[in-house]
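Next up, some structures in structure tokens.
One chain, chain A, appears in both complexes that follow, with chain B as partner in the first and chain C in the second.
And then the complex of A and B:
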């Protein structure tokens, strides 16, 4: 909520300035593109520059011996891509039915599909709107959460996809 | 040693044309910018290369002219000469003359020597001086080289009009006609792209085939109606079109693949040369004989083959071949011989690398593996000779006790094996005989772009096997499966082969339809076999194998994937990994079994040339508390029996080196084994064989076909008292 008032005050300052000087000062605040996705009851955001493509649900093929956190592989125009289920990695209960979207991401030296329930929004937000992860982040997520942000009255957890993929790749040996 | 010039001529012509083109272009560049040092350097290198290649092929006329051109370019590079219009024209003349000579070679003629006035002019530039006005014979080497080339030229059927007559120098008046080249040089990336696309076309054709199957089914369901004859006609036409298309496409694909094929000579010839040099540097006399180098493989394989072959050859020279003194002392010829023999075997190429050195010291291998902790003492005792030999492929194993400069530098045989087996989908095996030498056999596909694939279904999923691992497809009545140490096995050609349902091996739900017959895919990796029970055979054809994403390359079970007619991805199982998975599962099972039974502790020697049979007999016996040592043929068995005391011996009949009858007879000669129980376990069921077995002194004769673990154990139990 502190953030919301901060935003308000920024607007007010700008409005005040405009009144005083009659010109708009453009503020060069760095922005980040985020893809906000739903996984169960929670919303997460991944950096948009790492998302290559959002694929509709497509048949996932069995791959013997693949890790439990991997659904299998999909056929993306003739190329084989893996599909990772984030639920396992983030400690979210398995869903009643499978997620309907696959984000094809490239990060940490690896390229893979990531299954989500739905894509809620793709947006540019000022860097300052993302706050440091609070102390209450569960241990299992601490390594992969890079920040939180509020959006449409919900808490959105920002995931460090690069770090996540790197750890994943290391885990595969 | 005579150099087979013909093989290299085509390459020389191609390469020289390329350099001559560069020389032409470079001279034009220099005309615009005479101070361009880079270009002068490049020109110098081109002339130098042409000279060197020509000299190697004894094309002295070309070598001479190219040499003179190189000298001038060298002077230009060093700043001794300055580039001007005259020099440019002279160089261009020289380049054109070389080009004419090269074209003569291309047409199968001996190149004529350059005209004396050109030679003189070239010499003059470098030695400007008083004699500048009189051209003939200024440079001392000119007439000599002219003489050099005149002789071979005259020896050819085509009368050489050149140097001897001197008047109209033929090279100076080349026929004016634009020659179209017979070869085109294509950058590899383009070729790779073409072959990849061809692969996609072949893959996508599977979809077309699937459409045909679909429409046929629809057609069958349509029994009446006005459209039926039309549909039937359409199906017929489609079937014909699909099959024509398929034929054309397969031909096109095969032709495309051939474009990327290179002869084995590219790898083997330089390797052989290197090995001879290496032998000399180690004061060993090594001859290297290479055959079958004309066999062509996909460049992808040729590229990957260099390092493993070199490593095997280095090992052969370093560890295999003895020093001349040792060889003479052993009654061998002074010089060692390494034979590299390549031959084609169906869709495979087999490369044998054989040395006539000391052979692998198996005891040393075992000790080393023990020292390095690769195996335990108990494992070492139970291992057969070939299993011990296989230890050299274990990571972290290097046989050299001193790290020499030649081999034993960390990258070991494990890398060789990984390259051959994992990257090239090949098979590697070793055969060694003490004092006689070692042979490495590599079995490789001709191309990795398409492979023969067998598709099966098991546990509700589809899987593929690459052809080289499939030994047999067989359907047997469920009653023919034997139970040994709690697991199923089947007898195939005098061998016990363990039977495992593929679904349960992969941790899938076994569909569990108990059927009258069991469908078995028998896979074999070197000497190990495994019969995988599957639900159905789906397809068998040449398919393009797609690699897994890089982060999954370490997934041991899957070698790649193929796409079927419905765009589904199907895993190609990595057969060696399946075998080790099955072996691990078995080890667990055996341990449980042996806990349940009281240890009797009697020590049994099992002699059989089939790895699977040995293992299964061992499992059965160990499950009943016996201690088991394995031997892989009669000779090995006899040696082990003589060095250690056994309470009973189980032996097969047909084995290399020494069969079971001879082994039994030999053991009976030995005081210690006069009364030891000997049981013959064989697939020979003729009465005369049984009689012979009893004659040589066996106590019991068990036919594998009727094998029943209880009868074996009961027999053993009663014989041991």
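And then the complex of A and C:
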């Protein structure tokens, strides 16, 4: 018997159930790897494919004549890399304790360590979960924020590492 | 013909300390060294835009710079030394862009940390 409009059917029940279960993620949707880091109560994410490694706290050699946001340089297996304090770069007040993790990042032909308080997660997320940055992003961060997403009931601000290094080179922080 | 630098090569430098950091200048840029008369000449700290500089045990170096030469006053341990070529690194891009230290040309790593290598020919004599 043909299904009359509004009449209950198995297809209808399943369609309704699917709708209630939320959005179905297409397996073909491109994903991005993100490293989620904490700076105090704020969470940020950087593209995981640009993070070469996560270094434990290691000796940082102070260099005079550098901005306060540059901690100094570190010795990574015989190579010298700068260490930028992400708090200083984003204009976030320094914590009582210095951040204990350094992400060694490479983007836009530049490489540097980036100091953060903690690494919270490394994960793959569908690109559609990352939304455009809102108008409320502070002026000082606009050049480096590429999007926002929600994760564990928090707003995570996604940073563009290439943009960040370029802005830092030009004088940000 | 340009000589190829090998790992066994070393750069002759004059080493000194200023503002709590370790520095070196290529020895070929240092023309002479002699005891200092206090406060008569420009201190190396002023030359590099750094704070501090003690009075005790100072000496004078006659340093060739961009467009001339001048006497600089140094405190503490100033000595001729060698830095292995393999220990010398170009400045990382972000450091090169943001340093306010005049003449900073390279960094060297040794057992005690980092040595800042200054090229005085990149600094105008004051």
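Assume the second predicted complex is superposed on the first by the 142 of 173 C-alpha atoms of A that agree within 3 Å, B and C clash if a C-alpha of one lies under 4 Å from a C-alpha of the other, contacts with A are read in each partner's own complex, and residues count from 1 in each chain.
Assume contacts are C-beta pairs under 8 Å (C-beta built on N, C-alpha and C of every residue); 3 or more make two chains touch, one makes a residue touch a chain.
Predicted model only: the values in this text are computed from it and were never measured.
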Clash-or-fit label for the pair chain B, chain C on chain A: clash
Partner chain in contact with A:82 - chain B first, chain C second, else both or neither: both
Partner chain(s) touched by A:30 [first = chain B, second = chain C, both, neither]: neither
Chain B versus chain C as contact partner of A:94, first or second or both or neither: neither
Which superposed partner A:65 touches (first chain B, second chain C, both, neither): both
Touching partner for A:138 - first (chain B), second (chain C), both, neither: neither
Common interface residues of chain A - those touching chain B in one complex and chain C in the other: 59, 61-66, 73, 75, 78-82, 110-112, 168-169
Chain A residues touching chain B - in the complex, by the definition given at the top: 59, 61-66, 73-75, 78-82, 110-112, 168-169, 172-173
Chain A partner contacts - residues on chain C that touch it in the complex: 18-21, 48-50, 89, 92-95, 97-101, 104, 107, 109, 113-114, 116
Residues of chain A defined as touching chain C within the complex: 59, 61-67, 70, 72-73, 75, 78-82, 84, 109-112, 165, 168-171
Chain B residues within the chain A interface of the complex: 200, 203, 461, 463, 506-508, 546-552, 554-558, 561, 563, 567-571, 573
